[in-house]
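Below: a set of structures, written as structure tokens.
Two complexes, one shared chain (subunit A), two partners (subunit B, subunit C).
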Partner chain A sequence: MVELSAKTPCADLLPLTVGALTLSEVAPTVMTTLSPYEGCRDALSAALEARYGLRWPKPNRSTAKAGVRLLWFGRDMALLSGAAPDRGLSDHAALVDQSDGWAVVQLSGAGAEDALARLCPVDLRPSVFKRGHTARCDLRHMMASITRLGPASFQIMVFRSMAETLVEDVKTAMEAVAARG
Partner chain B sequence: MRITCPLCGERDRREFTYRGAALDAPAADDGAEAWHSHVHLRQNPAGPLEEWWHHQQGCGSWIRVRRDTVSHVMLASALAKPEDADGGSA
Partner chain C sequence: MRISGWGQSGEAREVGFTFNGQALRGRDGEPLAAALLANGIHLVGRSFKYHRPRGILTAGSEEPNALVTLGEGAQQEPNVRATTLPLFEGLSARSQNCWPSVGFDVMALNDLAAPFLGAGFYYKTFMWPAEFWERLYEPLIRRAAGLGALSGAPDDAAYEKAFGFCDLLVVGAGPAGLMAALTAARAGLDVILCDEDVTPGGRLQSERDTIADAPAQAWIDATVAELDSCDNVRRMARTTVTGVYDQGTYAALEMVPQSSGRAGRACFWRLMAKRAILATGALERPIAFANNDRPGIMMAGAVRSYLNRWGVAPGERVSVFANNDHAHRTARDLVAAGVHVAAVIDSRHDAPQSDLFRVIRGATVCNASGRRRLESITLRSVGGEEKLQTDCLAMSGGWNPTLHLTCHLNARPRWRRDLACFIPEPDAVPGLDPAGACRGRFSTAQALQDGADAALRALKALGKSAGPADVPKAEADSYGIQPLWSVPGRGRAWVDFQNDVTVKDICQSAAENFRSVEHMKRYTTQGMATDQGKSSNVVALAVLAEATDRSIAETGTTTFRPPFVPVALGAMGAGATGMGFAPRRMLSSHQVAEERGATMMEVGLWYRASYFPKPGETSWRQSCDREVGYVRNAVGIADVSTLGKIDIQGPDAARLLEYVYVNRFSKLAPGRVRYGLMLREDGFVMDDGTTACLGENHYVMTTTTAAAGQAMAHLEFVTQVLQPQWNVRISSVTEQWAQFSIAGPKARALLQDLAGAGFVPSDWPFMSCGQLQLGDVMARLFRISFSGEEAYELAVPSRYGESLFRLLLERAEAVGGGPYGLEALNVLRLEKGFLTHAEINGTASLHDLGLEEMMNPDAPCVGQVMAGREGLVARDRMRLVGIRPTDPGERLSAGAHLFDPDDSVERKNDQGYVTSVGHSPTLGHMIGLALIKSGPDRIGDPIRMVDHTAGLDVICDIVEPVFFDPEGERARG
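Moving on, here comes the complex of A and B:
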């Protein structure tokens, strides 16, 4: 029998440090998209609050509690990560497992937004894009999800199939920022 | 060109794909002439035009945008209403 072993999307590519910036892979976790059925968003929010203590996120925002994160993920869609979805949620929303579908990385270090400024047409400076803010936006032609985790730390997600391109593009931007000194 | 997405805010045009003018479809029994006009004939105005744009690289919303075709000023934008949602199958 062939022995198969699980491999994360960026297993052979990360971590990577250039200058003050570090790009590392986020430990894989259960991820599920929640898409509320028509007219069910309030009921879904109540169910989420009862189960995880998290309400349905507003557009461009995320909430987190005790290792569970709820991330706004597009129109009428949120991504639940860090916990398996409660079965009761399926009364209010379509649940789709995304756990193996995304490359999830973290870019950290002073000036992380300078590197992202070379990749995304969105203002990610701390005065505008604060902790917990999230954006679905273009990252070098990839449909990315970007979330600020802290003062100098971002989570970046793209489709798993684009992991290598993501690392290559972010690495190039990190090098360009480092070269400016 | 920058387009205001009602959910995401002002974004670069590269995040959007264009569908075309936002037109009211004739009724199913309006006859061939009305449908021919709807499918094939366009006004091409020099000035404000209602259009459909898809925020493909962002939140995935269909947006009804009022754009001045002369100056490319974006005059208004709103999410497609649920009854307009089938405007998405370009």
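Moving on, here comes the complex of A and C:
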């Protein structure tokens, strides 16, 4: 019997600490994109609420409960993470397994916003980009998903294949912040 | 000369530095210019054209003269303004545009030839013979003229770029800016306060003003302390706002102190602000008189800066030449500091008198002497001319509001006759509100009030209410300017110090009918140096106005453009040099390929193994031939994950496929795969690939690596724009799956070995697909072939990619196979005549590729109508064929052009070109694909391939594009 072993996108690259900032890989979990079919969004939202207690997220927002997160992921698309999708959801939406498609990291520590300000052209001020807020934007030259997890903590997602560039770019920004003291 | 106990910047520690190799001492953090003056050094550089000795003119970023070069090699940075460069221990600066030294410069001979070198001279003189301009004259002139030079080596300094957001951007931290920031911060706005200086306070740091009956510095300190204690304020020092762009976007350059270790040299900011207040103050302008460029002649305000802020007197016997009250402060402050003031020469007959120093009313300075340092000036008054010994002349022709940013969106400023200056029009930039001296409110009291008022307007615009601001009491002294632009007389009177433009040059321009200010600028080059004419623009156009008998308002200004100060291109493109140019996409098998010494090739952003060399192989061809052999004779393994994979689901999924592919897809059954071709809207071929039906209303489409993004965007376009009513959902799963090709006669056995009883070969006919259990992992298997052999593509979630690749290699190698790279992949597909984007190159139609039969005429598809245009189906279009050298020992090359053997090699005889080539170890010679006029009608004909770059001229045979196993028996198994 063949046995395949798993490797996470940032396995050899993280964690990393520079000054007050730490970049670490988020433990892998099931991730599924949900794209509701024509006219099915309300039914999908109700099914999600019944199953996970989470409603369909508005654009640029995410909701989380008991380790399950529903993240706005683009036009008519949300990413369900932390739980395998209920089969019944496929009545309302196209479900696509993306558990292996993305490198998912967390940037934490005082100055996390300053580091991201060197990478992303979006307004991440705490008054504007609050906990649970999310954006699809570029991170340097990569298309990313950025979500605020806490006062000084962000989740960053880019394509799995770009993990090395992601770590390099964020590290450079972390060093720039640290060098300013 | 340093004046002990004087200077508001306080006593910083001493540091050592060198200037032109001379070891000197200065104070940490003071500008290099202050340290030079403290050491009695006035001669800093040589001028652009005439190589005239030049000193320090200003105390800010507008400096045209005192430019130095820092660093060596790649780190060499020319044209650094000594007036804004903070001193640090070990700083080493040198003069530029002089040889052998700044004191004795050979090129100063130019100055003697001045009558021949005026504006427009060389345009008229060096015209014949015509070809000499480019070859001889221009290189010579360029070598003689100029400022600092780049090293020629790539700039390896680290730059940063960053984005900032705020409610209110305040540009400038002088009295108006500080007051505006304070008022807005107290009302709770998110404020960014940028100032180009190291410390805040602006002009107040250079004056001995009082605010609220205490020294102004106390107010600055208290204000800054309050701002720094606010979470909603970000204070950015050494940050110059360089440009204004649409919708509240501002560019800013933050200089990072060179002494601060790992930090980059500069950070280029893009600031987004809902509102902005411009509080950039004003720049003092010189007066044009003969030899006004002598080292030691400075701006009056700059003399106060060096004296009051840095405790340095630029001379021991200073005189002042002015047309306004402000300049009298210079004399007053010098006397207070114990420096001798020779005289104040004021062009106004009603200038205020003083008990402290001699004021000569109604007089002008008409000449200056002293080559490397000012020695004396000549005064002219009703009483005649008089010579006055002086080693420093502080001049002031009045103030020009720093309104540049208000003109970046193409507004023009308005002339204020009473103040003899331009001021910005209100709303010149939407949302940008000028306040203080930059709109002609020159006194400290006016600036403070104006800053507060602007902040209140911003608050109101942003829907915040605030009570009246508490504006402290401050000086409201008089200005009393009476215009004086130039002093008539013999000798050259400088207007643009940096580009060596004189009053005479401007008059010459007018005389030759270059009367528009824009024409004058180009004729004389006034304002075109690195200082962008900050000191000279207004004087120049005033001189032009006089020469053309027009008012200044009629004459107008030239166009102000970003950047306000020079910005290194490296800062704008920060991080994008070298490997930072683009992200690198790595396959899950990357590490294994590297362990095996694979040579990597960039394919788009992907890094793919080109070939896997074995010990003893000396060229890539040997490796490639061996790897082709794996596939033809045993089994080869290749990572094909880079191909685009698009998941398509929904009731209308089949309709979508039918609509984007030219061929029939609606009847594709679950478990089956089909090859498809898609067209652009214009009817040309866009991409090809296979699509597998995974289940009812569920498909996975593969695209080529090259067009993965384009195909995804195309599907988005079709589903969002062309057929938005269709109920179908698409998402990219390229990254989710690691997919490996298992190709060759032993592929089947390998899969049996790997999957055990789960794999029954008879269940997997050619072009089938389905799931395959591999241990705990559910894989997808596709029986498709890009090599012409029996082949499978096995896909697993990417986390298992590396592990699966290792297992596949182990098994392949056990049966005489192994990994194959892109080179072998290319040869394999060429032998079969399969297409890549070398053939689908954007100019090829279905007809050109011999695939017109694929078109399903019964169902409409994207590009169908356009593909039927006569021009796209003409027989004599360049169409796909194979070619091979008639002599099997000859080489082919991709990109080479093709000619009839009897024709001359000329563009008009061009018959087509070679799209791809490879050496087929299976056939023992090179093979290629080509697009040739009427190609398929010429099978069997000879054709001549010419590649001038590779030195090839080869007679070839035109053949069918499929070289190997044309019936496809091997792939079907």
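Just so we're on the same page, the second predicted complex is superposed on the first by the 177 of 181 C-alpha atoms of A that agree within 3 Å, B and C clash if a C-alpha of one lies under 4 Å from a C-alpha of the other, contacts with A are read in each partner's own complex, and residues count from 1 in each chain.
The rule we apply is simple: contacts are C-beta pairs under 8 Å (C-beta built on N, C-alpha and C of every residue); 3 or more make two chains touch, one makes a residue touch a chain.
Quick caveat, the model's predicted, so the values are computed rather than measured.
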More subunit A residues in contact [subunit B versus subunit C]: C
Touching partner for A:Cys137 - first (subunit B), second (subunit C), both, neither: first
Touching partner for A:Arg55 - first (subunit B), second (subunit C), both, neither: neither
Partner chain in contact with A:Lys65 - subunit B first, subunit C second, else both or neither: neither
First (subunit B), second (subunit C), both or neither touched by A:Val2: second
Contacts of A:Pro121 with subunit B and subunit C, given as first, second, both or neither: both
Residues of subunit A at both interfaces, subunit B in one complex, subunit C in the other: 38, 77, 121-122, 141
Residues of subunit B that touch subunit A when the two form their complex: 7-9, 11-12, 14-15, 56-61, 79, 82
Interfacial residue positions of subunit C with respect to subunit A in the complex: 160-165, 190, 256, 260-264, 267, 270, 272, 575-576, 580, 582-588, 591, 606, 647, 649-651, 727, 729, 731, 733-737, 754-756, 774-777, 796-804, 807
Footprint of subunit B on subunit A - complex, ascending: 38, 59-60, 74-75, 77, 121-122, 135-138, 141, 143
Complex contacts: residues of subunit A adjacent to subunit C: 1-9, 12, 28, 33, 35, 37-38, 76-77, 93-94, 96-102, 117-118, 120-125, 127-128, 140-142, 158-166, 169, 172, 175-176, 178-181
